[in-house]
Amino acid sequence: MGENLLEVRRLSHTYTVNRHMTVKALDDVSFSINKGEIFGVVGESGCGKSTLARCVMNLLRPTAGEIFYQGINISDKKQVRANRPLLQTSRQLIFQDSVSGLNPRMRVADIIAEPMQLHRIRPPRGSYRAEAEFQMRHVGLDASYLDKYPPELSGGMRQRVAIARALSMEPSLLVADEPVASLDVSIQAQILNLFRHLQAEHGFTFLFIAHDLSVVKYLCDRVAVMISGKLVEVAPVAELFSDPRHPYTKALLSAMPIPDPRLERSRTPTVFDPAAAPLTGALTEVSPAHFVLTEGGAADA
Amino acid sequence: MRSRVFTLGKNLLIFALSLAILSVAVFYVARLAPGDPLASYYGSRVEKLTPEARFAAEERLGLHDPIIVQYFKWLRGALRGDFGISFQYKRPVVEVIGGRIGNTLALGGIGFALTFALALLLGVFCAGHEDTFLDKLICKVGTVTGCIPEFWLSLVLILIFDIYLGLLPGSGAYSVGKADDLGDRAAHLLLPLAVVVLGHLWYYAYMIRNRMLEEIRADYVLLAKSVGLPDRKILFRHCLRNCMPTYLSIMAISVPHIIGGTYIVETVFSYPGVGTLSYESARYQDYNMLMVLTLLTGAVVILCNLVAQTVNARIDPRGRAAETEVTADVR
Amino acid sequence: MSEILQVKNLSVSFFTPHGEVEAVRDVTFSLQSGEVLAVVGESGCGKTALCKSIMKLLPDTARIKSGSIAVCGADITDYTDRDMRKLRGRLYSMILQNPMTALDPTVPVGRQVAEAVLVHHPRMDKEAVRRRVLELMTLVGLDNAQARCQQYPHSLSGGMLQRCVLAIALAGEPQILFADEPTTALDVTVQAQILDLLREIQQRLGTATVLVTHDFGVVARAADRVAVMYAGRIVEIGTAEDIFYDPRHPYTVGLLRSLPYFAAPGEPLYTVPGMPPTMIDPPPGDAFAPRNVYALEIDYQEAPPMFQISDTHFAAAWLLDPRAPRVDLRAGGVRRG
């Protein structure tokens, strides 16, 4: 195993709905991501995976627990303040909704160059425009789109622009929250290939959040499964799909639609019954690098 | 239950605090304005006063005390229900206002009701006939009419109906000697009323139209249509119903808007209402009158806003439920 | 089985300020009672417009330019909105993509189902309506129906809401059910349940279902027959087996091959090059030609007709013409193992 880039320790986040009600979006979540790894987080809506991404990006303050990024405790205000430039440039976020993520009144060239300008980074290729053009080519877009506005682009192109903007900062950690969920099949394949290609080239670490298991299976090295703010299983991707241990993981895998009529119709999805498998306990290593939430267990993923 | 009491208490506190702040501000600002308060008390006689007599008169009205002292003197009286006398009318302020408020309530109240009834009708009609000729016509006419300043519209109407045609009276609340004639009063009300309604109607009609269109384009309308519910039923049973919270809160918020409009209209038509009174009191440094009128208007405005908030929270099942269960889709 | 819907050479256009959008172009297909036909395609391919034009729920800016729609033998192409109202609900109804917005948020769900029941039985008495509502709620698998009826949409989960929507849609015992992406907004575990429910109801009531989706997993689970749409046309139609195991149109093959499920670990995904054309002034010939690596010259000149491959399987690609060169479309292998 390589060096840790990100380590999350006993992270919890609680939303306050009103005076009487709070919701635990993250409940005692621990894991770590190695340098250069593509780490997937899967779960259904409301499981806390987006909250996790936001905590990692310092967009939300965790209620409890710590997050270490390159050894910096980013849940500590003082340390964040001291390392602000590094933290802001080396972590980048890509949203699902590339429509709302891009300012519709800015040209593509300006959108891509904006983070560089904000952080006063001298463009290595002479001008900001040249830099934007380079990044555009990099993500497979023609330079003729530089002067377009986001509404003139298709969904796949907008997602590419969002990726180009994130990559212009040469991040070491890229957090992507459902980046392909709103895209069509053929465009989704293009973007997934792009991610793979760019990751191999730059070697950035990738926190990839998704609900589509087949996408995660294709792209990720390791996968974490979440439900109701709890991390229930973490394993290398092949092992998770071949040997799921937690009942919820099993239910999720059995419900994953398979594009093969004969096979698909022969399957009956198992239903996860929270009463039968309580979401308590701690992660236990069942085989090398494979952790499952077990009652009474104790270990660190 | 406890939370309801809490909310009520909180609202009352907000209400009292806002009024207190308002009263201080008006008290201070009114005294900054140039002009001679004695002029309104003594009329043209003020010019003939000897400096000594003038000083004595000012002393009697308490104008020599520091502003803070004046304010607390006023406040002590006000809390006991004594708002002082009007410099101009030399009668207790409350009495003067009481004699006039009926006129304003008639003009403002009927104007308000008419504005909103018509706005709802027009709004729903236009939304139901979106992009037809009539819809476009109404929207265009509305845009143009809504842009005309009220005082100018008033003058034009007076010119046409009173001066050229002689059909309707253009000033006052009743003809001399006909104070008890309801028909005469109604005739005097018509032109000011028309201005109040025409000045505000379009904006609200347009708001309702857009809100209705938002509902009409919702998915549930498509579903209802697809199972064969008649359009009219969908429009009235669902869309209109769902617009009601917005409608009611717009209504509550717009009260000050319409009050403001009424004041201008009253002044142009020399209609003896509270609006003319507040204009005069500001013009002639009638401090006591100005205080009461401003506070009265302020109280109505704040009250309406609080009502709007409460109505909104009560009428929507999502708002009602938010107090008891979790609805937020927490991701 | 009998044919209950027949669409012939249907073309539908939207007239927008930017020009005429040819959303549906020359579409022909038929639907048997009791079958599930999946219409698959990427966004903007005209699948939703096709359904809405059959249901006559198109906005005013759209017009049926040519072709005919026949339901149970009756030609409804020129029916007015008033005529259609009698058919809607009884003949067909629909369920929508997002159950969260498909119900009126301020009315308890039971009342909304009752309203749909009353459309078809205006004189039904209160007690009978109540019983019918409970029956429908049970039919769609809502447990504790009585209590559910009193609840407002916001307090139900997505899956439960979609069941309520289905109850409303089934109130008039429709012959055809249009389901526009019925599971896209739902979680994976709920998705399978809703699809199975759709199948179960279709088998129990004999309802035919038109299932619009972009997800081949959904198609595989629920569809008897599949129509693949591209740029307003049906490019391939056949049974689920035909389409999944023996796709003949290069677009179908490309779509299937680009699914991550079929990808070999470590290898890049297959991608269909390029992007779908805009439907304002679509190019002449086969709209897919610019993205088709096997495109022939004629593809750029003339739109291909439907070639019959078997009794059930048709595809519109010049490659199927006897004169065309033989190519192996699945040169990467669609199926793995």
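Think of it as A, B and C in the order they're written, each chain with its own count starting at 1.
As a working rule, a residue touches a chain if its C-beta (ideal position, glycine included) is under 8 Å from a C-beta of that chain, and two chains touch if they have at least 3 such contacts.
Keep in mind that this is a model prediction, so the values were computed, not measured.
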Q) Count the touching C-beta pairs: is B-C or A-C ahead? A) A-C
Q: Please name the chain that ends up farthest from subunit C once chain centres are defined by their CA atoms averaged.
A: B
Q: With chain centres taken as the means of their Cα atoms, state the distance from subunit A to subunit B in Å.
A: 53
Q: Could you give the separation in Å between the centres of subunit B and subunit C, each centre being the mean of its C-alpha atoms?
A: 54
Q: Quick one: report the Å distance separating subunit A from subunit C, using the average Cα coordinate of each chain.
A: 32
(Q) Two or more other chains touching the same residue: where does that happen in subunit A? (A) 45
**Q.** Residues within subunit B bordering two or more other chains
**A.** 325
Q | Sites on subunit B touched by subunit C in the complex | A | 131, 218-220, 222-231, 237-238, 241-242, 316-318, 321, 325, 327
Q) Which of the residues in subunit C come into contact with subunit A in the complex? A) 42-43, 158, 187-189, 191-193, 214-221, 223, 240-241, 244, 254-256, 258-263, 265, 268-272, 275, 335
Q | Footprint of subunit B on subunit C - complex, ascending | A | 55, 57, 60, 81, 85-90, 92-96, 98, 101-107, 115-116, 119-120, 152, 154-155, 165, 168-169, 171-172, 178
**Q.** For the subunit A and subunit C complex, residues of the former touching the latter
**A.** 44-45, 154-156, 184-190, 192-193, 196-197, 211-215, 217-219, 238, 251-252, 255-265, 269, 271-272
